[in-house]
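Labels run A, B, C and D following the written order; every chain starts at residue 1.
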Amino acid sequence: MSQEGLLRPGIVQLRVLDMEEAITHYVDRIGLDFVGKEDDGRVYLKGYDEFHHHSVVLRPADSAGIDLFAFKADTQESVDMYRKRIEEYGLEIEDVPAGEQPGTGPRIAFTIPSGHRIELFADMDLSENGPETNNPYTWKNEPRGMRAQRMDHALLYGPNIDKVEEFFTKVLDFHLPERVDLPDGTLAIWMTVSNKAHDIAFVKHDEPGKLHHLAFYLEDWSDIGHAADLMARYDISRDVGPTRHGITRGQTIYFFDPSGNRNEVYCGGYTAYKDHPTRVWDGNHVGRGIFYYERQLNDAFLTVVT
Amino acid sequence: MSQEGLLRPGIVQLRVLDMEEAITHYVDRIGLDFVGKEDDGRVYLKGYDEFHHHSVVLRPADSAGIDLFAFKADTQESVDMYRKRIEEYGLEIEDVPAGEQPGTGPRIAFTIPSGHRIELFADMDLSENGPETNNPYTWKNEPRGMRAQRMDHALLYGPNIDKVEEFFTKVLDFHLPERVDLPDGTLAIWMTVSNKAHDIAFVKHDEPGKLHHLAFYLEDWSDIGHAADLMARYDISRDVGPTRHGITRGQTIYFFDPSGNRNEVYCGGYTAYKDHPTRVWDGNHVGRGIFYYERQLNDAFLTVVT
Amino acid sequence: MSQEGLLRPGIVQLRVLDMEEAITHYVDRIGLDFVGKEDDGRVYLKGYDEFHHHSVVLRPADSAGIDLFAFKADTQESVDMYRKRIEEYGLEIEDVPAGEQPGTGPRIAFTIPSGHRIELFADMDLSENGPETNNPYTWKNEPRGMRAQRMDHALLYGPNIDKVEEFFTKVLDFHLPERVDLPDGTLAIWMTVSNKAHDIAFVKHDEPGKLHHLAFYLEDWSDIGHAADLMARYDISRDVGPTRHGITRGQTIYFFDPSGNRNEVYCGGYTAYKDHPTRVWDGNHVGRGIFYYERQLNDAFLTVVT
Amino acid sequence: MSQEGLLRPGIVQLRVLDMEEAITHYVDRIGLDFVGKEDDGRVYLKGYDEFHHHSVVLRPADSAGIDLFAFKADTQESVDMYRKRIEEYGLEIEDVPAGEQPGTGPRIAFTIPSGHRIELFADMDLSENGPETNNPYTWKNEPRGMRAQRMDHALLYGPNIDKVEEFFTKVLDFHLPERVDLPDGTLAIWMTVSNKAHDIAFVKHDEPGKLHHLAFYLEDWSDIGHAADLMARYDISRDVGPTRHGITRGQTIYFFDPSGNRNEVYCGGYTAYKDHPTRVWDGNHVGRGIFYYERQLNDAFLTVVT
């Protein structure tokens, strides 16, 4: 009881075109800590406020996008339990051996109906550079750049949103704080396995397996403003914001990494409980749902993905 | 799976000496919404961001203090399961019938080794004045006074802290983000059943059943500053702050209601997961743990309770 | 010595199409205090933090726009001195008798080469509702709506910007913290008679006498965010922001009153001294100068005026 | 006209006991830029947002305290004019030759009745490391430590406050936004030569020539909170705050440099004009005037000076 099973987004693996530029962007600008680089060229990063070995993996590639999004479970027994449920639901499981990423135990992987590779795992080493636990300071080293505390969530684009919702809520035990329902069906869903307003979200899209954005958590609206100052100073390509989402109420900026992957810095967002009603948006108000101040979608929101 | 069983603090019942003054304090100053007053004199309040019927009950009495602190469960089955566990642990259960508080289903009550009455319940009506769920605004009406979003947690004082920890972690499935361990044993524990840094906390104290403070959640540090401005303007008795807690990292002010019950306005606080290590403070650093900027306890912290 | 002569923007008179809607907008939303309505239909307003009788006048009219922008001087002798200088410069002076606006002494008026009516005056009654001066609170009543502290500055559009600059700097003793110089001449100038980053600004425009925006001062970036929340809640037409200006560094939102006059809520802005160099922007960077985060002008910036 | 004569605090020279510790404190923690060290051991610093060569001078010495506080004038003619007025008032002028501090023109020095050495000067080189003036960014390099923008003001302790007030207002053209009047006379005065709420302040004290604190300007309340986090992290001795002053309304923390000189980080503060009434505090409310939230002076405020 309490939070059992899946806990939170644990790993994202992104494809980047130029690793040096990517490191400058994610480490110096967004403020993630550099954990290490492995022989296959992959680079491992974590937020200063994350306890475990890494949360973001950058893989050098010829096209940008997302390789996988993995949730951390509390125990291997939970992972085994979900393996059964997923197989019963009809998805094929691929086993990823311990050590495929440094410091990481075995993972199970599967492709959901939107075309994204989702993984589950229970074991990851604690970082030697995580938050202090003995008479801790709020941080040991002054946060850097945009002062990102952690990798927070992803918004993914793909087809079969209804099936994705069914899978996440019935098989993976997520609940659904918000949705957008158009006359011809559901456009978008925000889902959480915790008290965060969302751990993952999906928007209906023809192409499978697309990334809309990967989000990093900041302390507050002042840090959102500071992040915007940094984007101006370093000519980082900004999409929208500073603004607020009507959906989740988070305060936000969308921007792009040098490979074209959209990032978000995000703060706030209400505390979600599964006994709270789902907030529902219709086609006349979805603009305000996404961009609370602009009250309309920009073209890029529905079309630019990697 | 996901968050199962207990969800969050659902009801606190406080004793107040002068109801009119109390209403001014909690409604006009802290900014809770007035829900109703019943024939027995009890007054029901809620935060503007809370979905359910009420969360704070004020009972007219001759002495200040706390009558009960109740956790809301997801289902009656969960409550029934905890009833069994609690009885097996050896505490006596008292049944509180549906309707003893308006809009509220049956509760089970028991006294924990610190002398506090704790309750569990699953059913409460949704408020007609809760957050919107159809194309919602972040708020319908501009938040009032200190702009409290919700009742957040309580810090209780009493004996037998070790047994309280055992009970909450083993019987009620809480986990323990932080603790203070002195050479002669545990001084204080911060526990959560969710991802909040704490849902309830206890400090070792000779007298049983005491309230240190009841906390209300604000949006951010700017609202903490605004709350301090209000305290100065309306001569509200302030204890400590604006400051930060080292423990939970929350930003905070302690102050008193007109009856002498300590209140807190609180924001921030990290996101807690049960696979995170417990942070442990020792006697040399507990001052910084409680008051991160002052780096020492004031006398009132350990002695003034209701 | 110290600040002598002109002190600050003292009065703006705007034309509005529907007075009831205008009062809701300026009083309930922006948060100005209602001072009074006179027989000719004009309505007088002030910020809660302003000492004098009024600063904003709304005049019912068939077209939106600005009637006059008046600077308050320290003494009548200063006004008399500027009268001489202005007449020597070649502008015609019109005398406005004391009492033409309630609580206001005599003013002198003249039309500058951009086609705007500018006025100077020394005497205005202190408000009975100004900041306290005896053991004051930071405010007596909690600020309302967007919590505007004062009328701050105006940006005006019209021809002959070079002459306007000459007039304000040589005749009225303003200095020039920032300017935008295009290959074919000056596009825009920001001028101050104080330590504020600007008290008035002008952009080159074919039509004379136009208003780009009237700005109100907020405490900080948090209040800018709150103002944006209010605009969303009350469907106030927003133009741009929350964002920052590169010019003045102020944090800002542009929006419209119900008559179509553009307003700004503004905070920050550096402290300007006349021994600081003028910051100069060129055509390649003016977008970032105006909207620091967007890094480009929107169409409305150069075209929508009243 | 406009601001003529004296412009702002231009130089403070402090005595420090250990230069290496002082540099760590003022450069790494407060965030000033290191300008240079001269052969006599003096170290020169400036805020990232200051245009001129330096504003803070640290002199190695056996006792902490303040050597001098100097105001920058607009022109040498203004300095010459003030020289005459000061001599007529009866104070003796000492000439300090150009180059006594690097990049600095001639200064005139005199001792005011409180025992402090005050200086005036007109000429100082522009820094090569000041704010950009050609298509500027808000900052070139991310602000460091507490992110101090500039040296802002000093509060000095000494006898003969009435004479100091007379001298500053009648001879140096300052005006007086706030004062504290006790039954036996004036306790304290806040004076400005600009629109800042204060450029210098004095409290009545038996010993002459004492420093209460030297203040640095931060952007806003969020940066005040961040400064407090840094003080906790680096064990910087904190006196009071984060809090607000009733007087000036500034948000603030008092703390100490390693030599025992009190520093302040300060933000906000209203915009002062000389046609605003002076705010007056009496003995029953001075506690709230100094510390708006605590509503009482601490012992250190009236006794600990260097």
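Keep this in mind: a residue touches a chain if its C-beta (ideal position, glycine included) is under 8 Å from a C-beta of that chain, and two chains touch if they have at least 3 such contacts.
Predicted model only: the values in this text are computed from it and were never measured.
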*If you tally contacting C-beta pairs, which pair wins, A-D or A-B?*
A-B
*asked:* Report the chain whose CA-based centre is farthest from the CA-based centre of chain C.
replied: B
*chain A and chain B, separation of their C-alpha mean positions in angstrom*: 31
_With centres defined as the mean C-alpha position, give me the chain A-chain D separation in Å._
47
*Using the touch rule from the top of the page, what residues of chain B touch 2 or more other chains?*
137-138, 220-222, 229, 232, 244, 246, 288, 292
_Using the touch definition from the top, list the residues of chain C that touch chain A in their complex._
221-222, 225, 228-229, 231-232, 238, 241-244, 246, 251, 288, 292-295
_Residue ranges of chain C in contact with chain D within the complex_ = 1-8, 49, 51, 72, 74, 78, 81, 126, 131-138, 150, 173-175, 193-196, 219-222, 244, 246, 249, 268, 270-271, 273-282, 284-285, 288-289, 292
*Considering the complex alone, what residue numbers of chain D touch chain A?*
137-140, 142, 145, 220, 222, 229-230, 232-233
